[in-house]
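Multiple structures follow.
Below are two complexes that have chain A in common, paired first with chain B and then with chain C.
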Partner chain A sequence: MHYDLIIIGMGLSGLMAAKTAVEAGKKALIIGKGMGCLTLFSNTIDVFGKITETTRLRDDLSRWIYDHPEHPYGKVGVEKIEEALCSFNTFFRPPYTFQSRNETNSLIPTGIGTFRPTYLIPSTMMRGIALKEKKTLVIGFKGYKDFYSQRLADSFECRGTTLSLPESPSTEITATALARWMEQPSFREFIGTEVKKQIRDEELIGFPAVLGVNDPMGVRKDLEKKTGVSVFEIPVLPPSIPGMRIFNRFKERLIQRGVTFLMGYSVSKATLKDKRCEGIEILHPPVTTSYSADHYVLATGRFMGGGLKADREKISDPVFNLPVSQPGSQEKWFEKSFFDEHPIHRTGILTDSSLHPIDEKGELILENVRVAGTILSGHHFLEEKSREGIEIATGYWAAKQALN
Partner chain B sequence: MNLIAKAKYLDEKGRPFRDWLLTHSYLYGQIGAFFSPILNRLFKNAVVKWIAESILRIDRRRELPVYQSETFRQWFRSHPSKGQRKIAYFYGCYINTNEVEVGKATVQVLEANGFEVFLPPQECCGIPMLGNGDFNGAKKMALKNVPSLLQTIRSGYDIIFSSTSCGHMIKHEYSRLLNIPGSEEVAEHLLDLFEFLRNLRENGNLNTHFKELPLKVAYFAPCHLRSLGIGLPALEILRLIPGLQIDNIEADCCGLGGTFGFKKEKYEISQEIGKDLKEAIDRLNPEIVLTDCEGCRMQIRHLTGLKVLHPIQILRDALLQGIDKEVER
Partner chain C sequence: MKLQTEVLVIGGGATGAGILRDLSLRGIPSLLIEKGDFLSGASGRNHGLFHSGGRYVVSDPEAARECIVENRILRKIAPHCIEETDGLFVSLPEDGLDFRNRFIQACEEAALPALLLLREEALSLEPGLNPDLLSAVKVPDGAIDPFELVLANAKDAEVYGAGYLLHAEITSLVVDGDRVKTVLAKDLLHGEEYLIEASYLINATGAWADQLLKLAGLHIAMALSKGSMLITNQRLTHRVINRCRPPSDGDIVVPNHTVSILGTTSVRLEDAENFEVTPREVSLLIQETSKMIPAIEETRFIRAYAGIRPLFQSGEKGDDRAISRGFVLIDHEKRDGIKNLITITGGKLVTYRLMAEKTSDLLCRKMGVDVSCTTHLKPLPGAEKPSGLKDRLKTLGKVETLCDCELVRREEVEEALREGKLKNLQDILHRTRLAKGTCQGGFCVYRLLGMLNEWELAEGDSNKILKGFLEERWKGIRPVLWESTVKEEELMEGIYKGIFNL
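Let's turn to the complex of A and B:
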């Protein structure tokens, strides 16, 4: 089969590239090993959390980019970053949308008891910003080990309580199970009644971000009706239910628009000739299927997503075997302390300004391949708090340029 | 891994008669078709269902598959297939004795695209046995099918299947799980029906003279289709039909799991798994549900009471005016 664009990787950057392609009327194929890391980490949309000024993020970012042209943001530019974020937002219609507050970063409470700066916030989490000003009750569930309400209450200087659930089949409860139960009216009835008993004079109730996968605003509204108090979600440790919501929405919309989804398969071979990718193969034993396209986007992520592999000597990209910038041999990859800045976080694929892969000398390697997402070099998304922003902006921009 | 463990356990402990009955429909399907007027009435009889439940532990809340008096093979024998090129069809047991209409529609659509259809000698693919941990039984079937299918492809013909379960079994499990010699070669030339039609379209050879079909339908991709790794070709092709409003059902598994959902002790969990699917269908509110797998079709009929067809039946209706309208269920 031949496509206009083949996207390798099903994380946020790959999904954005597919969205951009199909909206330009192009025939797109997206291949992913699994659901992508979106369902692990992403709760809100970080763009550049490192900047905590109260002016517009756009202006600060614009200044920062000027000094950092090698950063993925430097290659995309502020205008296109904004365009990309707008495009992301068009997949989310009220009541569940992603908004910034006054176009600046906001601090929202997290499931490990910190306040974290982020840019676009889903509707269910928005009210968490007011946690410091309003009396709040944080709800945990017995057996749900990634969210200790008591510990959070200490950090947030509010009150916390842990509910015991009836008929829970095992002593350990996962976020996914809780999210499914939350979608059942009978479960919400129980939660509503139990929470109401605990409320004293609180004006806000914080739940872990498990208020259902399909209709979180409906679940929230129902809980508010039953408790009589405003409810918000607090982002939690992986897996991420809000990330699953983003993934599901993209998958549904993209299939609806005709994108071909191959989930659960990885590229077994890429045929390269004269600086071009001529086709890829997917081995599904015992059958090998070939696909070709005019353009390709590589958006396979970093080590967690399987986009980068490391052995004792070298870090490599298993799809196109592109050169990966790396900080010397293994002893230079890590610092002694966990919280130090480890050079390995900065490794990645080098690209030119239009996201084509290049080698260390700046020579173009593949002219019909573009690279998007966290696999790119020149950023440190953990420290910058820029993961989703980089994914959305580069995924959008890679596809946009490929198809122009 | 689960299947291998199950097979070992049952090898040691022995298999219940129910497993035999659920996995050997290929043996009694013909007889079933012959006695269909009596059997079908019996299958709906509360007393018979009560007996089936008490003795065989087949849940009485399940509708038992109804047999048709004329099998697909019998129909095909009196059907002269004509076309410029030849294509082989692996139809599967269920199409032969229970949903003949799907087989007819497949043949008609292929003929409308200029293909002469022929049926290579074939037996049950063996998936019901594999699913119930009877590796030897499944191997026996595979060893009968592979030589016949090999001969077909070595004569230069591709083989298509309309049942994603039979297709997945032959294409991927014959080699990986059962180590059947020659199965790799078969797999290379075995295609899903809609995958085949999609390839025709890619080369500009698909007959797209569709009449308008003002229907609201919903499509469900069966698990075995998803594990074929070919995307959703039926959805891609059906979208070409003017007037047809088609939604993709966002749900995971129908919950029937082949013969699993027929077992009394598994009925509840089978319904629980299917709940997401039922809710997704309710939200879309279609007139007809389409899906490529016979198991899913049975389960969706059971869950929703809606009319459920194979997507090829809709394509046939869009392609051929008024011929052989499918039988109302």
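Let's turn to the complex of A and C:
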């Protein structure tokens, strides 16, 4: 089968590339081993949380980019970053939207009792920003061992309570099970009644981010109606239900528009000739299927996603074997303290300003391949708090450039 | 606070806990003091080999003989701490057969049961072994859980009236004439000061023996030898695998519950406090042990750690492995004219009971008391309990598991907390299998801290404790970060630095 664009990797950057392609009227195929880190870590859209000034993020970011042209943001530019974020937002119309507060970073409460700066916040989490000013009750569930309301209450100096659930089939409850149950009116009826009994003079109720996968705002509205108090969600340990919402929304819309989804597959071979990728193969034993396209986007993520591989000697890209910037020998990859900034996180695929892969000398490697997402070199998304921003911006820009 | 006891045992390793039990069974009032938790030194940082004596049978037949005698006793008194796996001494082509022949003869002389296996026999017992091996000798090695062992000793001692002070460090020994008259100590967590009066003192501080003696103006020559080890994510063999050659780097693989431990190295240290596993040691261990078990090249490691062997120095220079692994019992009355002080050091985990017996015998002679040792006859508490993993599997899905890697139930932790006197996170981790599995506590310690808040047992800032734990965990993981552990680390950083902005 031949496509205009083949995207390898189904995380947020790959999905954005597919969106951009299909909206340009192109025929696109997206291949992914799984749902990427999106469903593990993403709750909100971080763009550059490291900047904590109160002015507009856009202004701060353009100043920062000026000094960091090698950063993926430097290659995309502030205007295109904004364009990309707008494009992302077209998939999230009310009631469940992603918005910034006053175009700057805001601090939202987390499931461990800290605050974290982030940029675009889903509607269900927005009210958490007011946690410090308003009396809050945090709700946990007995058997859901990844969220401890009392611990949060101790950190946030508010009140916490743990609800026992009726007739749970197991003594242990997962976030996904809770999210499914939350979509059932009878379960909400129970939760609403129980929470109401606990409320004293609180103005806010914080839940772990499990208020349903499909209609979180509907779930929230119903809970607010039953309790008479405002409700918000708090990001928790993986898996991330808000991340699943993003993934599902993209998948549904992209399939509607004609993008071909190949989920659960990975590329077993890429045929390269004269600085071009001529085709890829997918081995699904015993069958091997070949696909080709005019352009390719590599968006396979870092180590967890499988985009980068670290053996004891070096770090490599298993799909195209593109040059990867090396952080020295293995003992130099990680610093002595866990909380240090580790050199390994800056490695990745080297690209030119249009996201083509290049080697150390700046030589173009493959002219019909672009690279997007966290696999790129020259950023440190954990320190910068820029994961989703890099994914959205480079996914968008890689597809734009390829199809220009 | 002022405390009085007949005997003060200093050091909470296997030796100290063993002495505490021995003395209390003899009816002698004793108190143990330890600056960390039980097993903070070498007792908690070894490869968990339940020695048959084979490892020393050629170089140190005396130590080997002690090992095999104690091996038989511990099988009876502490079956719950031991997995009777047997061990193989494998000869590879490059080793030749000279050493093997000497080995078999030495085993015979030491009354150590040894059975020669042909290549095919060895491979059918352990298919993971290098297929080029020449032969293997089977000996009654095994795996021992030092945590269970030491805590069982302490528990039994307590039943018989002994006491212990953990996280309390001795700051001064006041010598008056020919006796240590008083001991000053300090609680390291809460700052409380103790003044202890003891008729006798036993220095069982292992690698810290000389440091303690300095407080009394005394000195013994100790060699501190660092041994580094790596833990694999799975158990590689059923039996202990040794290389059949003179002891050297990377010549042993010990199964331990669900994992295997590769050991060891031997590096001379100056300081007992600051040491780490170096990249060179990691490479060396993998390179050498994979000669015996080729799959080690590709295996996933979950942690590296090091312990210090406290070796009593004989004077000669050279390989620390040449220094006897037998133990040294010093009566400071004879040596230095201090009548009420004894030092016991060196030795092996497997001979801890014998060391305790000999120390207590000496003490009894000094005290003029005539009671004999019974520790070789009386089983340790828990000996009647069946092995754990099967029980854990049965409860799967029925009870809340705190740690999914090692199947630690919430109730187990609650029980450990009820039993007692736990002062910090490390104390809890020592008494359960929390944080010992694949994720090395990445998830379960977060959960544990959450539960402590629920039970209103949380002391101090939970996030500060968590950060401290993550740093401690990092020390063990950093040396083995490649392949899948790099992915695991990306997950942990994504959680704690990303989602939680810790």
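Quick note on the criterion: the second predicted complex is superposed on the first by the 404 of 404 C-alpha atoms of A that agree within 3 Å, B and C clash if a C-alpha of one lies under 4 Å from a C-alpha of the other, contacts with A are read in each partner's own complex, and residues count from 1 in each chain.
As a working rule, a contact is a pair of C-beta atoms (placed from the backbone, for glycine too) under 8 Å apart; a residue touches a chain by one contact, two chains touch by 3 or more.
Everything numeric here is computed off the predicted structure, so don't read it as measured data.
> Looking at A:I255, would you say it contacts chain B, chain C, both, or neither? Reply first, second, both or neither.
It touches chain B, and chain C stays clear.
> Considering only touches as defined above, state whether A:Y265 meets chain B (first), chain C (second), both or neither.
In the superposition, A:Y265 contacts chain B only.
> As a test of reading the superposition: which chain, chain B or chain C, is in touch with more residues of chain A?
For chain A, the partner with the higher number of touched residues is C.
> Give one of first, second, both or neither to describe whether A:E172 is in contact with chain B, with chain C, with both, or with none.
Second partner only, chain C.
> For A:H284, is the partner it touches chain B (first), chain C (second), both, or none of the two (neither)?
first
> With the two complexes superposed on chain A, say which partner A:M1 touches: chain B (first), chain C (second), both, or neither.
first
> For A:D154, using the defined touch cut-off, is the partner it touches chain B, chain C, both, or neither? Pick first, second, both or neither.
The answer is second: A:D154 touches chain C but not chain B.
> Going by the contact rule set out above, which residues of chain C touch chain A in the complex?
Spelled out, the residues of chain C in touch with chain A are 279, 397-402, 443, 446-447, 449-451, 453-454, 458, 462-463, 466-467, 470-471, 473-474, 478-479, 481-483, 486-487, 489-491, 493-495, 497-502.
> Could you please specify the touching residues of chain A with respect to chain B in the complex?
For chain A paired with chain B, touching residues are 1-2, 29, 248, 251-252, 255-256, 258, 260-265, 282, 284-287, 289.
> Can you tell me which positions in chain B touch chain A when the two form their complex?
Contacts found on chain B: 171-172, 175-176, 183-184, 187-188, 198-199, 202, 226-232, 235-236, 239, 247-248, 250.
> Considering only the defined contacts, which chain A positions touch chain C in the complex?
37, 40-41, 43, 110-117, 143, 145-148, 150-151, 154-155, 162, 170-172, 235-238, 240, 302-304, 309-312, 330-331, 333-334, 336-339, 344, 382-383, 385, 387
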